[in-house]
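In the two complexes below, chain A is the common chain; its partner is chain B in one and chain C in the other.
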Partner chain A sequence: MKRIVAETAVMLSLAVIMSLSPYYSWLFVLMSIYSLLTLSWLFMRKAGRISMGHSFLFGFPVFLASAGYSFSSEVSIQLFIAGCALSFVIFYIFAEMTGRTAFVFLTLVFSIFVWVSSPKLVFEKGGYLTGGEVGFSFPTISQKELHILTGGTLTLFYLIYRIIGESRAGYFMRAVGDDETASKAVGIDLRKIKALSILLSGMTAWSAGIIYGLEFGHISPEIFSVEISVFPFIASLIGAGNPFASVLSSFGLVYLSKILNSMYPGLMGIVYAAILILSPKIGWWVYVKGKRLDEKAG
Partner chain B sequence: MLMAENIGVAFNGLQVLRGVTFSVERGTAVLVVGPNGSGKSTLFRAVMGTVKYRGKVSVDGKVIEGMPPHRRFRLGIVLAPEKMRVAENLTVRENIEISGRFRDAVRIFPELEHLKNRKAGVLSGGERQIVVFSRAVLSDPSYLLLDEPFQALSDENVERMISEIERRKRRAGIAIISHDRIEDVVEICDTLYFMLSGRVRRVIEIESAEQAIKKLEKYMIL
Partner chain C sequence: MALNFLVSFFSIALMALLVSTNFRIGKFLNLSLGGLFAAGGYIAYFTPNPVFAALSGLLFGTLLSLAISKICRSVIEATVLSLGAGILIERGLEIVHRSSYYYFVDFDYSTYVILLGAVSYLFVLGIYLSPLGLKMKFVEEDHELAELYGINTGMIFTVTTSLASACAVLAGFLSSGSLAISPTTGFGYLISGIIVSALTAQLRQVGAVHYLALLAISFAAARFMEVLI
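This part shows the complex of A and B:
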């Protein structure tokens, strides 16, 4: 418990320190959005499902909401709720239909399909065409309000993640993630646990999506990009699967991408590609280090 | 009574179980033996509902066709699977607390106390086996299916496990698959099933351990 409090205190301190300058406040919001995306991904991984199409869960409800916002706020809210429900159902069906490996590829292929097909959503409003590659506008709030909202949301979902991790439901999720057959044998309801992990993952990703919309005041089909899909995998890999380290690595990756992309646009994409290519080696190194730490702790 | 009637299982067109009938009553223990590939573990998995099968499984007179494993578990059927399957990323304590109180497991296996914070993935085979067994017995089953529970265990822990099985047998039905320590296990069992090529070839009512072993030696090298 002490550890969770200390980690939360570090995050809140970062939120306070970064609120002092408008640029760093903006950056903090962006870093927190990606950290929420990573936490969302970790929720799903806990139950043994590695998503490589997390941009869909993150972007779909807010993309629909932004399209609906062209008509009215009410339509926007209704479409957001429908988007949340639909993205949950699609991921749940994928998790039920497929094994672990197939889930990775299915989510990746599906998110790419959505990324490629979402620019086709174009409609006429007041004599102007809206949508397409440009996307839709979204309401914004002041930077100060957004900073508080983001800091609060990140802290809330981090605490939920840690508290659930220590609960019986968390044990069940990790047991299912490790060995489905052994979990069935001790009476764990696999469907319920998978649904719970996808729901928690979805709630975190949907919140991140809303904050993303509020930060930029605009949603384009780029919200479904492969870069966003693979981000949580890379952040979690660097953070060795530890939630706090993964949040910090998300912060670090966003900051690094700002530096590298300002030096040469697209440079961060090369870094992501290199990490993905080297991921089995990095993963093995992390595994060995983790095992040594476990042995020391034991 | 836990009853499996005329159970058939096929994997990718290959018939693994062919019309197997098997039962265990509360207050009794049965031992299932047979060479590798004879379908023993598949039989237990079919009873637990973790594989698709033909035939009928009933518990205390209630037919449980189409019931998922977690609902069978609620009816009191618990499987301790083979190959020491535990949640590797959970600690020993967390693994056991999925089913019951950790201190009850320590009462059976005192060494669990100093292993409690260790991740199950770094345990030795014998240590994993006592975690699997503890998880199964702590859920207080009415019918306990133990698949190779004595693998990789020290003599001391085999003794502890056998006495726990004897204790549980008073109010539960217990079925054991074992290749190890058959002479010791036969002592606490009432019936012996010999399986070969997906069928039950012989059912032996155990009157004495010597008689059962003698009969079994006609079919396999012990």
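This part shows the complex of A and C:
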């Protein structure tokens, strides 16, 4: 419990320190969005499902909401709720009908499919065409409000993640993640656990999506890009699957992307590619180091 | 109209063939094929030489297969590595040719995709109907057992990945005339290929029958998949 309090205190301190400058406040919001995405990914990972298409869960409801916002706020809210429900159902069906390996492929291919096909959504509004590759506008709020909202959301979902991790449901998720057949044999309801992990993952991702929309005031099909899909995988890989380290690595990756992309646009994409190419080696190295650290701490 | 349909059909069928051979023989989903397709378009713009395009693909495929053999221990690891390789190509293209996001070439060889697709299918079917086909089917069905029986699975894997990569670059080169060339050009083709390949896999066939089914499903799906490409 002490550790959870200390970790939360570190995050809140970062939120306070970064609120002092407008640029760092903007950066904090961006870092928190990606950290929420990583936490969302970890919820699903806990139950043994590695999603490589998390951009769909993150982007789909807010993409629909932004399309609906072209008509009215009410339509936007209704479409957001429909998007949340639909993305949950789709991921649940994927988890039910596939094994672990096929789930990785299916989510990745599906998110790329949505990325490729979403620019086809174009409609006429007031004599102008909206959508396509440009996307749709989205409402914004003041930076101060956004900073508080983001800091609060990140802290809330981090606490939920840690508290659930230590609860009965969290142990069930871990058991299902380790061995589905054995979990079934001891009476764990696999469907309920999978649904719970996807729901928690979805709630985190949907919140991140809304904050993303509020931060940029605009949603384009790039929200489904492969870079966003693979981001939580990379952050978790560097953070050795530890939630706090993964949140910090998400912060670090976003900061690094700002530095590298300002040096040369697109440079961070090369770093992501290099990490993915070396991921089998990095994963092994991080795992061994993590084990050693655990042994020392023990 | 009919010619356009044939170009779309063979483009999808070719990508499905490349995805399928890599998955069945190499045991991984080759996600670098989309990037290689886009690279073919860039080669058409800057160095309009199909031999150079094919050789570049061949070299890349060989390096990719070597990297997978050295580093990866599972299907997921190999797939993630190939995704990284695909992103590396796209970002590399974007960085190197930043002066303009879209490029257009002033020639159109897109009808040659029909020839490339037909030759590729005939080549694969020819192999499966030859004595080598038995070995290939063995590798498809049980990789480890095939290795135990003395089949050089490593060599088959390298040759398959290299040829598939060369074909993807060449397809991108030939299609460039009908496309706005950008780093993400190949994703639509890749996804179409994966969908057709996944649908055909449900029939649970092996060898030449599988590839004939792949061709038939590509034909049936071409009209719907045209939207993606």
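The rule we apply is simple: the second predicted complex is superposed on the first by the 292 of 298 C-alpha atoms of A that agree within 3 Å, B and C clash if a C-alpha of one lies under 4 Å from a C-alpha of the other, contacts with A are read in each partner's own complex, and residues count from 1 in each chain.
The rule is simple: contacts are C-beta pairs under 8 Å (C-beta built on N, C-alpha and C of every residue); 3 or more make two chains touch, one makes a residue touch a chain.
Fair warning: this is a prediction, and the values are worked out from it, not measured in the lab.
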item	value
Three-chain arrangement built on chain A, chain B and chain C clash or fit	fit
Broader residue contact with chain A after superposition on the shared chain, chain B or chain C	C
Touching partner for A:G269 - first (chain B), second (chain C), both, neither	second
Chain B versus chain C as contact partner of A:V186, first or second or both or neither	first
Which superposed partner A:V230 touches (first chain B, second chain C, both, neither)	second
Which of chain B and chain C A:G126 touches, first, second, both or neither	neither
Touching partner for A:I112 - first (chain B), second (chain C), both, neither	second
Which superposed partner A:G177 touches (first chain B, second chain C, both, neither)	first
Which of chain B and chain C A:V104 touches, first, second, both or neither	second
Lowest inter-chain C-alpha distance for chain C and chain B in the superposed arrangement, angstrom	12
Chain A residues contacted in one complex by chain B, in the other by chain C	none
Interface residues, chain A side, partner chain C - complex	50, 52, 101, 104-105, 108-109, 112-113, 115-117, 120, 226-227, 230, 233, 264-267, 269-270, 272-281
Chain A residues touching chain B - in the complex, by the definition given at the top	168, 171-172, 174-175, 177-179, 181-191, 291, 294-295, 297-298
Contacting residues of chain C [partner chain A, same complex]	29, 31, 67, 71-73, 75-77, 79-81, 83-85, 87-88, 90-92, 94-95, 98, 187-188, 190-191, 194-195, 198, 227-228
Sites on chain B touched by chain A in the complex	45, 48-50, 68-70, 73-74, 78-81, 85-90, 94-95, 97-99, 115, 117-119, 121-122, 132, 135-136, 139
